[in-house]
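Note that the chains take the letters A, B, C and D in the order they are written out, and that residue 1 is the start of every chain.
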Amino acid sequence: MCRWLAYYGDTIPIEALVLLPQHSLIDQSLHSREGATTTNGDGFGIGWYDELGGLPGLYKSIRPAWNDRNLRELAAHISAPLFFAHIRTSTGTAVQETNTHPFRHGRWLFMHNGLVREFPCVRRDLLLAIDSELIPELEGSTDSEVLFLLALTFGLEDAPLTALALMAGFVEEVGERHGVEHPLQMAVATTDGEQIIAVRYSSEGQSRSLYFSTGALALKAQHPNIEEVQGLSDEAHAIVSEPLGDLVEAWKCVPESSIGIVKPGPDEFYEFTPRRPQRRR
Amino acid sequence: MCRWLAYYGDTIPIEALVLLPQHSLIDQSLHSREGATTTNGDGFGIGWYDELGGLPGLYKSIRPAWNDRNLRELAAHISAPLFFAHIRTSTGTAVQETNTHPFRHGRWLFMHNGLVREFPCVRRDLLLAIDSELIPELEGSTDSEVLFLLALTFGLEDAPLTALALMAGFVEEVGERHGVEHPLQMAVATTDGEQIIAVRYSSEGQSRSLYFSTGALALKAQHPNIEEVQGLSDEAHAIVSEPLGDLVEAWKCVPESSIGIVKPGPDEFYEFTPRRPQRRR
Amino acid sequence: MCRWLAYYGDTIPIEALVLLPQHSLIDQSLHSREGATTTNGDGFGIGWYDELGGLPGLYKSIRPAWNDRNLRELAAHISAPLFFAHIRTSTGTAVQETNTHPFRHGRWLFMHNGLVREFPCVRRDLLLAIDSELIPELEGSTDSEVLFLLALTFGLEDAPLTALALMAGFVEEVGERHGVEHPLQMAVATTDGEQIIAVRYSSEGQSRSLYFSTGALALKAQHPNIEEVQGLSDEAHAIVSEPLGDLVEAWKCVPESSIGIVKPGPDEFYEFTPRRPQRRR
Amino acid sequence: MCRWLAYYGDTIPIEALVLLPQHSLIDQSLHSREGATTTNGDGFGIGWYDELGGLPGLYKSIRPAWNDRNLRELAAHISAPLFFAHIRTSTGTAVQETNTHPFRHGRWLFMHNGLVREFPCVRRDLLLAIDSELIPELEGSTDSEVLFLLALTFGLEDAPLTALALMAGFVEEVGERHGVEHPLQMAVATTDGEQIIAVRYSSEGQSRSLYFSTGALALKAQHPNIEEVQGLSDEAHAIVSEPLGDLVEAWKCVPESSIGIVKPGPDEFYEFTPRRPQRRR
């Protein structure tokens, strides 16, 4: 199971949320609290915007995050108003940087926890639907990268909510055609550097978890010793696949089949309903 | 430009041909003799058969071959009657182990020097033609891996000469459909552990070079100080993308549009003519 | 905490003990059964002898063992009558190949679980005592490598039992000079390819665990589904830092302050007593 | 032979000097212009200050610089008023991150092109002279790291010019004691984030080259297409082991046995004379 974190708000060093907190993303990767799943040691990625709306930078590594010195350096020296961080547990596909999240296309980043069920079986049909222009960007072998390229194919850059719904609908349609019972399982986040869009959805209605921080107060309460966190304004938000820190109640669990949008002003939440594309491309 | 070597004959340590000779594959990767192209430092792979007809082992690394200590250890400690070695120069695709040669399917290995021209443009059509059963084996992003999966799709395991001709014909057909002038350029080697099949071909009739050693005598003359080479019987053959050693005349340049088969008994050479598949799958 | 395995006996593929068994070394590295310590994901090494008494080969990697494909290939394709395998948990020193075990000098291999307490403080005095001829072999920054070079300095190749006792005595002497309470903690194994010598010792008398398999019967009982193990003769022995498999009773716990020797014929066990070197070099 | 670059001046993206120019450091690492030496593919490091006088960040990699995507990302996204970049060619010691430059101690960075002759022979005596407090920072196996720790031992942080002279004098003294003809060869740069100190020196009086850019005009003339370079003020300086770009005349060759200091105001140059430490520690 992968884990991820998305942050939006005041410009802070990436380490303030990714490395320093007890139960930080890195800490989680060493000791899964639930104890259920294996260590998340199959690669790590961070993506960040030097300024809101700019072009994101990426750092990816197939070392375990907990012993990657470069990650520690960069997380301490890079500050950003919006960043993504992702720790991967391979479900069998190769451990290589092109399989680590976040994925990037122009100003957009995308990361995913979950899976396309029976991906080997449905993979070709999914690849087929990817826009020709995007095929050169296909570099890895994961289902997650294909989900991103499909979302882009369905118009992510212009109408992200619709595109994500069409992507999910298409994956379900292809899955059903192949007799897959519950084709899609996902907690995804995507951003253009101005807003973060996060979806919690699964075909079976039992989705990977997704949490929003309930405002900067929550982050501050959890990380009393991290100076940068204490200085956060009310605009600061984090969206995570699992709560950071001990104060689980400081995190709002996103309900099943939801899509949330984080941007200046109040967060927005809607029901997320996959849409079948009218004509497959 | 990639470089490769295939060996068939007496069981010898891999290092005898890959590391120890002056102008060995590794040495070539540091100093291109022609001086024309860049350093081959984008990954390395070896594949070997513990015994003829067995299952091959693989070692792949994205370190430059010349400073990979594991390679030196393995090449000294692994002996084989048939092995492949390949050094990659990326033409832009990611430097990752799944992009290094040789590629493997069951008992078969495959490696390639050359390219599919305008691969980003024709890639989707090529992917589409890969047999569904083989899609899960697609792990990287190179044209070479796709050539191998296409050859398998067209029956490499049963009728290798026909399959290679169909693969080349199909790539040319797809290229032409996309207006690519010279779609295919290749010096490839493939083996099932019992015979080595090598092809020199390009759509434009100016192919990457390919050489056969003219018998064990040639190998011995070139490597007078390498004990294992001196002990070779007449069955020992090497096929290389560029001659090893100084005695260029000890290597027979394979003519344009040829396919050669190395197995017990005399080598066989035929003209290589791509065949258009009757129906595209 | 590191974990290691040493095997001596019939020639078997390395994977038969290192990868295939439930609770194999690799499996242990993902799920510590005791749950107490962190994941052993800071590097891995194997050393093997192609034949008894030959020169050992080495494969080392800083990837986590569980997702290193090269390791799987090599462990399946390399068979040996004597091999060492080690998984490292860094206690702070750099994760780099020169810090992974086993260490090698000529025909000797050495691996260690444990630590030199307050190593930063005593390191210079220990380095100073290493024989000049051996200084060029110092490549990493671990206490374990220093222990090996000290043992070599004290004559490991000629009189291994004495050398190990002198090494331990010297480390304790230096530690005491610096006011370190319990200077040395070790479960070590060393071999010249003909016999394996293993020591369990700590200054405080509470040493890292060490187990011997109680003959091939035990190995067979534990690994009923691993063909190569079922074919083992009575000469097969394994020495491990933690028992493999579920049948904990099939392993004999080596008592505190012991040194054991595994070679053809019955195993030998002696009390291990550190000896202070007469004159420090 | 290693190559390095030090920059001081206006805050610019690291890529402006390290990646984008023709004959950039990276470009040099692929194609040595002189053709004499091998490819610099044995590791790479950058060190930078987010602001003058702050704490430096480090990124190190043992991949060849030319195919390290993380380097491209970071060099594009990290801007700094002072940075170091170094490409290593191993002279035999292990290719590992702890052997790549720049080395760091607190606010100080250090990098080196050259060698301590017969280092295996003199290494122990040099290690011995390192201050006890600094021993824990010894992580690699290079002569360069030892030179840095010696310079720190001799007071680099308080009186850098004297410390560098004492370091050189001590290395020569130890070398002579061991009968080494020309013990030291070095082009080094060190900085505390406020000034850069560079030394060109060798025992034999034939030192590795060292160049200063003759002001921002020179940098601008050479890199007409790099926007960030065109915007440089007159405070911008680069010091390099080999000239960047084609305009060799835009670079001032530092004379033999010189030490230069780059800081706000005019550069200072002095003769560099090693000093024998009064008492060896």
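The rule is simple: a residue touches a chain if its C-beta (ideal position, glycine included) is under 8 Å from a C-beta of that chain, and two chains touch if they have at least 3 such contacts.
This structure is a prediction, so every number in the text was calculated from the model and none was measured.
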Shared interface numbering between subunit D and subunit C [over half = same, under half = different]: same
Counterpart interface for B-C, drawn from A-B, A-D or B-D and sharing over half of its contact pairs: A-D
Distance from subunit C to subunit A - Cα centre to Cα centre, in angstrom: 41
Multi-chain contact sites of subunit D, meaning residues that touch two or more partners: 69, 94, 97
Contact set on subunit D toward subunit A in their complex: 48, 50, 57-61, 69-70, 73-74, 76-78, 97
Contact set on subunit A toward subunit B in their complex: 93-94, 96-98, 120-121, 123-124, 127-128, 130, 132, 135-136, 138-141
Interface residues, subunit A side, partner subunit C - complex: 30-31, 35, 38-39, 41-42, 62-64, 66-67, 69, 90, 94-95
